[in-house]
Each structure stands twice: as structure tokens, then as C-alpha cells.
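In the two assemblies presented below, chain A is common to both, partnered first by chain B and then by chain C.
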Partner chain A sequence: MLFRRIYQFLIVYCIGVVGLLTVKYAAGLSNYVIPGLAVIFDTAHRMLGSYFFDVLNTLSVTVLGQMISIFMAFFVGIIGRKSSWAGSFIKVMAYNIQAYPIVALAPIIFILLGDGFLSRLLIASMICYFPLLLSVLGIMASPIKDIEHFYIATGRMRWQLEVKIRAFENLNKLTTVISGSATLAMAGTIVAEFIAADQGIGYSIRIALYQSDLACILVALFSIGIIISVYQGILETVGEQMKTKWFAPKGEYLL
Partner chain B sequence: MNKKFKTNTINGTGLIVLCMMCFALTPAFAGDTLNYRLKWLFNTSVAGDIIADTGGFFEKAGLDVSVNEGGTGKNAIKELELGYANFGVASADQVIRALEKGADVVVLAQLFQVNPMQWIYRSDLLEIKGLSDLRGRHIGVTFGGNDETIMTTLLAKAGLTLKDIRISSVRFDFTPFLKKEVEVWPVYRNSQGVILKERLAAEGEQVKFLNPADYGVSFVANSVVTSGTMMEKHPDTVNAFMAALLSAWEFAVDPANEAQVLAQIKKKDKGTRDDIRQKQLEATRPLIKPDKGIKIGIIDTGAWQQTESIMVKEKQIVAPVDVTSRLVGPKK
Partner chain C sequence: MKYANNPQNYCNVHLPSLEKNMHFECRGMTFTYPEADKPVLENLNFSMAAPGFNAVFGPSGVGKTSFARILAGGSSGPGGNALIYEGISTILYSYNQERLPGWSSTGTHLEKVCPPKNSDLKKELVKIFKLESLLGSRFSQLSMGQQNRMNLIRYLIQDFDLLILDESLANVDEALRETIILAIKEIFPAKLFLYISHNLMEVARFCKDILVLSHPGKNKGAVVVQGQNYKTGYTSDPQAIDRSMLEIMNAV
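Presenting the complex of A and B:
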């Protein structure tokens, strides 16, 4: 899973670079518009090390932001799963708020909280949170009638059991959504850094953009792609292991 | 299955590359319309460019010109090369960086004789009489921006290093300066500088500006550029364009035409208050035409050479690019 993610990214990245180089040589563009391979390698040699640590810095905020989002999404999703007034209210509110572009709110967050760690964390969580919430709400609000009927009929249904049944039956979906939300959290952190932070890979990309240095941006994208692929691969592997553990019959029952 | 996948992958890749090539090779202009890409948004800083368009200067010269706003991520030199623009405005560091990487760009005129990038500070809280007064101060710089290079040069002139001051990264809003967290803040003297000065005056605070040129650092700002090919193949169009543009700038900075100029700017820049716009125009005049005897657009070769040597010294470029050989407009 992990290696598949990495080589998939490498294929996409190489296709992108080959596409750019094709345009460069077909249109006879200078290294200022699209850098040649030699410039890209030279930039990678100079910058890859520092960009690697910048991406790790960004990733640390991403992971924390994603964890907060997952916790919040499950908390609100579980409360909002009921077809009661409160449940409907939470659902409508979530759908409405997620329609706002979070990026537009970012400047206000930076003015209020400054350009430090908290602002980056908040923006990353917000960008990641709403899509997660909608998926969790959708899953938690859909009854698994075949199974739940039994517990309801026998009077053994509790809210914890209901949540477990729905999560278990939709484990594939949940794993995919959580793994996918890593990209959103990463994008959110990078956007935050790009707007106003003073650390992380988004900040480094902003500096490269000031200097119109596409080679630096390509190297930064490479670092981001590799690290996010590894992170997503790890999330997927953990998800797979959880599924295997949950679905596998317990040893003592087989004996 | 595997064969089908391979065929699909090859077809898909080919299609993507083809689309990218079509996108890159299609020029954005059609017919005889000339595209002129500014460096920043429409505001008083580009008064002459606005007047050239709306005041009919281009039209009188028989040119059909589309004056386009610039902004973050817009780069006139790249657009020249891609064929999306015929003329553009770029700062000297952009020109020098582009030349280093083999771009075919020439400088037709230097619009700002004095760089509007300056530093604002509260004159009632600190006094900067010489560069050594910067020691121990909390100064804002945009990392990777022009102001970082200029500030490093100023500090070097004073025998200071970054360790002798406190540096804060500048972002889009002035909050750190307004909250007095940062004492010296970089601004464009004729746009943000005017707004901040007004805002602080309303609070009873007085400000002054630190102008690097006063300390012998002349880092060239906005200049009009085109491609070497355009210059070679269409010299008449280039000459007509420049004559119209510079006449428009002469008109724009003439105090006698203030009301007309402000009315034209207002049509493009609706978000700024009338009184601020008027003060911004006042602040722009001496940057474009510091002296009556100075012809607008004249290229200060010495300043370009200094800009290049600063960039070499600050390792912004690896080696000199002989920028003076690309200055084709009238020189000082």
C-alpha cells in the first residue's frame, strides 16, 4: 500500500515534469518560464534538504489538525445522526457552513491569532473538518436496517452499539475518507503558510513565487508529494490492519 | 487487461501533453490588439498607464492596447515569452533574474526614478538619523522580496548584520506595525505609506519614512519591458507605444491635470477614498519625476548596475548578467 502510493505519485510527478519540458522545448521557452532538467536538478541539490524539513514542519501541523478534525467530525456526526430537531439543525448548519470558502476567513484568523502555530492549525483543521463531517454525518445517519432491527426488536440497542454497527459496516468508506482528508489537511496547512505564516513549505513556496523560481516550486512539490504519499500510505495500511483485525475470526472460537 | 491499461495510459499521457502544448502555444491576443501587463492592481501608482488607456493616448497613436492589471502570481516577463503580453511592467530584480535564466527581455523605460519601497516608522517613538540607528530595532521584511535584499544592503552599509536587529516576517496586513510589535515596517511609499500615515495621524501619531536612496542604495523599481524579438521585428510599434505611454505619464504627474487624472483613476480603483487617492497621487509625482528637468522614463544606468551588483552580492543571482546591455530606452 505504502509503496504503491509512492510510485503512483512518482509516475504522476514525472508525467507532469515531462509535460512541462515538452512545452518548454516545443515553444522554445527560457529557463525563466520553465526550468530545464539541469536547473531542476541543481535546485534540488541545493534546496531538497531544507524543503524536506519544511514539509515535516507542515506535516506536524497537518497531523494534529487532522486528528482534531476527525475527533470533531465524529463528535458532531454522532450527535447529528438522529432525525431529531437537534440532529437536523446540526446537519443543516454543517452543510451551510462548509459552503463558505475557509480560505476567505484565513486573513481574519491571522489578524486575530497572529501568524504562528495556532493559525496554521486552525485553518488546516477547518479545511479538513467539513468534508470529513459531511461524510461522517452521512454514514452515521444511515441505519443498517438488517442488523439494527434485531437489536431494536430485542430492546438491546444503545447509542454506542448503533455507532459501532454503522462504523463497522462502513469501515471501508471511513478509512478512505480519513486517508483522503490527509490531503485536505495538508492543503489547508500549506494555504495557511502561504498566506501569512513564517514557517513550513507553504512559506517557502511563497518565497520561491516572489522570485518567480519555478524550479524551487517543482522541488517543493516533489517533497510535499513524497511525504504526503508516505503519510497517506501509512493511514491506509493502518486502516487495512484494523479491518483485518475486526473481520478475522477470533482464534479461540476456531479451536 | 494489462495491455489495455498500458494503451490507455499512453493515450491519456499523450492527450495531457497535447492539451498542455496547445494551451502553452496559443497566444492570448488576437488581431492587432497589444497587451500591456502591469505589475500590480489598478491604483494611483499606475496613473500614467491608466491615463494612456482611458485618456486616449494609445488611441491617438493609432494603437489598440489592452491594459491589464497585474497582481500576485502575474509576471509580465513570463507573459512576454509565452505571447500573452507584448509589453509589461517589471521590477529590476525580475528583469535581472529573467536574464540570468536566458529570457529575451529588454528595458524600454524606467518609470520610477525613486523606488517606492521604503520603511515607515513612528517618528515620535524613534529617530532614524543614520543607518546605525537601526541597531537593535525590530524591523519587518518580506523574506524573498525586494525589501529583504534592500534591508540587508542597508545593514551592510552601516556595518550591521541581521543579528544586530530583530527581524519579523511581513505579511499582507499591517497589524504587527499598528500594534507596535514591529517598529520599522516596509511599505510602498505612495500607496500603503499614504494610507498608514493617514490612519496613524487620526490616532495622533506621527510617522516618517526611511528611504534607502537617501543612503545611497538605489534599487530600481518598476520599468517598462518588452521582448527582444518585439523590439527587433516591430520597432515602429514599440516607439509609438512608448511615446504614447510616456506622454500619458507626463500628463498624469502634471499637477495642472490633477482633477482629470483622479477622475480617471477613480473609474478603475473604486475601493480607495477620494482624499487618499489625491494624497497617493501627490506622493507618486516625486517618485516618477523627482525634478522638473528629468524626463519621465529615463533609465538610470548606474542604479541598474548597482541593483545587479547587490543581487550578485546577496547571492540572488549566481553571476553578473550585464543588464546594461539590455537597457534600450533613453539613458541618463
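Presenting the complex of A and C:
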């Protein structure tokens, strides 16, 4: 799982670089517009170490932001799963708010909170929160009737059991959504750093952009890709291990 | 059969002692699903008295499951205003596609839902239902027949007055089904069961009252036919069974 993610990224990255080089040589562009392989390797040699730590800095905010989002999504999703007025209100609100591009609110956050850690964290959380919330709400609001019936009929149903049944039955969906939301959280953090922060890989990309240094940007993208692949691979591996531990092999396996 | 010769085999089981005065009646029940053109049940009138192992029989799509679910909803549920219950306070409804959660073994789940007083009953039922060796397995690892048996045990160890078994013994082999039905009748003489099945022979042999449903519009309404109500150690009377089966088929 982990290695598959990494080599998939490497394939996509190489295709992208080859595409750029094709444009460069086809249109006869200078190294200033699209750098050649030698320049890219030279830049990688100089910058890869510092970019690696910048990405780790960004990743730390991403992970924290994602954890907050997951906690919030489950908290609100569990409250909103009921067909009571509060549940309906939460669902309608979530559907409407997620329709708005949250990243557009980033300037307001920077104006109010400045360009520090908190702003980056908030933007990262907000960007991956709503897609997570919609998935969790959808899962938590869908009864698993063939399992829940007995507990309801015998008066044993508690909210904790209901949530456990629904989460367990949708574990595949949940792990996919959580690992997918890592990309969103990373994008949110980079966008926040790109707009106004003073650290992280987004900030480094902004500097490279102002210097029109495409080689630096390509090296930064490489660092981001490798590290997010490893992070997502770890999340998926953990999800797989949970499934292996909880799910017993069954007849469908033979089909 | 082990218990056929010696009913005392159940001596360690909590047996409900005296039969309660039980009665339920249906007066002019008509039920139409929202958005549907025709009613699924039309002007149903019948009554069933005393505890026993009764059945609901009818061709596919006649409304057996709808009827069972209306019964399970009690007098306050949809369509329940036509129902009159006497001596029946707890109604449970089990059906054949139910599942147990998959995060732990079936034995653990049974343990968790078993009232302490019914612990011996649970052990006895597990033995009769031939599930002892499967208590360590997850529900998804069982065959369909095993799943249905495991699910039925969960219901039988609860406190209930009326238990509706909607194809709850589907996919169970015939010999074991007979063993299970006879054991249920013997262990729970004071309870009322409504067994929904498509097996005409089985219904005619083991059930006391058989409510036969026919499609609305046939003007047959609901007919209650007497089954042979065989109990443990029975002697089969083929002619009587044929008579019951014929009556049921005529009522459909």
C-alpha cells in the first residue's frame, strides 16, 4: 500500500516533468522559463534538505488540522444523524456551508488571527472538515436495519451502539474518506502558507514563485508528493490493519 | 430424538410455568403502503386464542411480512388500530436476513444480550440448535442456515409473549428444523409463536392455528385452518396431514 502510493506518485511526477521538458524543447524555451534536467538536479541537490523540513512543518499542521476535523466531523455527525429538528438543521447547514469555497475565507482569518500557526491550522481544518462531515453524516444517518432491528426491538439500543454498528459497517468508506481528506488538509495548509504564513512549504513555494524559479517549485512539489504519499500510505495501512483485525474472512472472499 | 423420549432433559432450563390467558384478534385490518394503488391487506378478520405455535401461510407477495411487521408494531403502530391484544405485552419480530454485528464472535454477542436468568436456557438452545462449535466464529463466517439459527436463539432468550418468526428457519435442513420446532414448542408452552413459512407440509404438521392469507380482491379474506400441532414423540397420521394441507390450499 505504502510503496504503491510512492511509485504511483513518482510515475505521475515523471510524466509531468517529461511533459514540461517536451514543451521546453519543442518551443525552444530558455532555462529561465522551464529549467533543464541539469538545473532541476542542481536545485534538488541544494534545496531538497530544507524543503523536506518545510514539508514536515506543513505536514505537522496538516495532521493536527485533520485530527481536529475528524473529531469535529464525528461529533457533529453523531449529533446530526437523528431526524430530529437539530439533526435536520445540522444537515442542511453542513450541505449549504460546504457549497461555499472555504478557502476564500482565508484572508479574513489572516486579518483576524495574523499569519501564525493558528491561522494555518484553522484553514487546514476548515478545508477538510466539510467533505468529512458530509461523509460522516451520510454514514451515521443511514440505519443498518438488519443489525439494528434486534437491539431496537429488545430495548437495548444506545447511541454508542448505534454509532459503533454504523461505523463498523462503513469502515471501508470511512478509511477512504479519512485518507482522502489528508490531501485536502495538506492543500489547505499550503494555501494558507501561500497566502500569508511565514513558514512551511507553501511559504517556500511563494518565495520561489516571486523569483520565477520553476526548478525550486518542481523540487518543492516533489518533496510534497513523496511525503503526502507516505502519510496517506500509512493511513491506508492502518485502515487495512483495522479491517484485517475486525473482519473475519467469509465466503464472498471466494467469489 | 433425545428429548422425544425424555422431556426431563430440559429440567435445568427456566421453563415458563402456567399458561397465560392470551388472545389476539384482528378486526377489519386494511393496510395500503403510502404511494401504492392497492392495499396489501384488505379487511382481515380473525382471532387466535391461547398460547401455541401458530403459522401464517400464503403465496409470495400476499402480505405475510407486511402483516407480521404490523403485528410487531403493536396497537400503536401503523395499521395497528385493527388489532386487539389480550395478555400479550411484549411482541418480538425476527426475520431471516438479520445479522449480528461483526466485531466479535457470535458467542460473545449471545452472552451480551442474554438476560442472566436465561443463561441455562441459552446453553440448552445452543445445544439443540447444534451451534456449540460455532460460538467462537464471527457471524459472517457462518452459513445462511447457521446464521438464521444463531439469530433465532437471540430472540428466544429474551422475555416475550408473542414471537413472530418470519422465515427464521430458512436454509436450515429439514430434520434440524423439525428438531428445533418441537423443542421450541416444548420449552415455551406458555408463549405464542407466529411462524411464517412457505413449507406447506411443515406448517400442516407442527402448527396449531394456521392463518392463511390470499391476495386482496379474491374475496376470501383470512381463513384460520387447524393444523396437526404435533408435539415431541408424535405419531404421524398421513391422512390427517393431507386433510390439513388440502384445507390450507383451498383457503389460499
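Brief remarks on what is shown
We adopt the following convention: the second predicted complex is superposed on the first by the 247 of 255 C-alpha atoms of A that agree within 3 Å, B and C clash if a C-alpha of one lies under 4 Å from a C-alpha of the other, contacts with A are read in each partner's own complex, and residues count from 1 in each chain.
Here is the rule we use: a contact is a pair of C-beta atoms (placed from the backbone, for glycine too) under 8 Å apart; a residue touches a chain by one contact, two chains touch by 3 or more.
All values reported here derive from a predicted model rather than from experimental measurement.
Model built by superposing both complexes on chain A: chain B and chain C fit together without a clash.
In the superposition on chain A, A:Thr154 makes contact with chain C only, while chain B stays out of contact range. Legend: residue contacts after superposition of the two complexes on their common chain; A:Ile165 is shown touching chain C, with no touch to chain B.
In the superposition on chain A, contact of A:Ala104 is made with neither chain B nor chain C. Looking at the superposition, the partner that touches the larger set of chain A residues, chain B or chain C, turns out to be B. Once the two complexes are overlaid on the shared chain, A:Asp146 sits against chain C while remaining clear of chain B.
In the superposition on chain A, A:Ile195 makes contact with chain B only, while chain C stays out of contact range. Closest approach of chain B to chain C, taken over C-alpha atoms in the A-based superposition, is 31 Å.
In the superposition on chain A, the residues of chain A contacted by chain B and by chain C do not overlap at all. Interface residues of chain A, counted against chain C in their complex, comprise 146-147, 149-150, 153-154, 156, 164-165, 168, 246-250. Put simply, chain A touches chain B in their complex at residues 15, 18-20, 22-23, 26-27, 29-33, 35, 39, 107, 110-111, 115, 195-196, 198, 203, 206-213.
Of all residues in chain C, those touching chain A in their complex are 72, 92-95, 97-103, 113, 137-138, 140-141, 151, 154-155, 158. Those residues of chain B that touch chain A in the shared complex are 13, 16-17, 20-21, 24-25, 72-73, 75, 77-78, 81-82, 94, 97-98, 100-104, 142-145, 169, 171-173, 175, 316.
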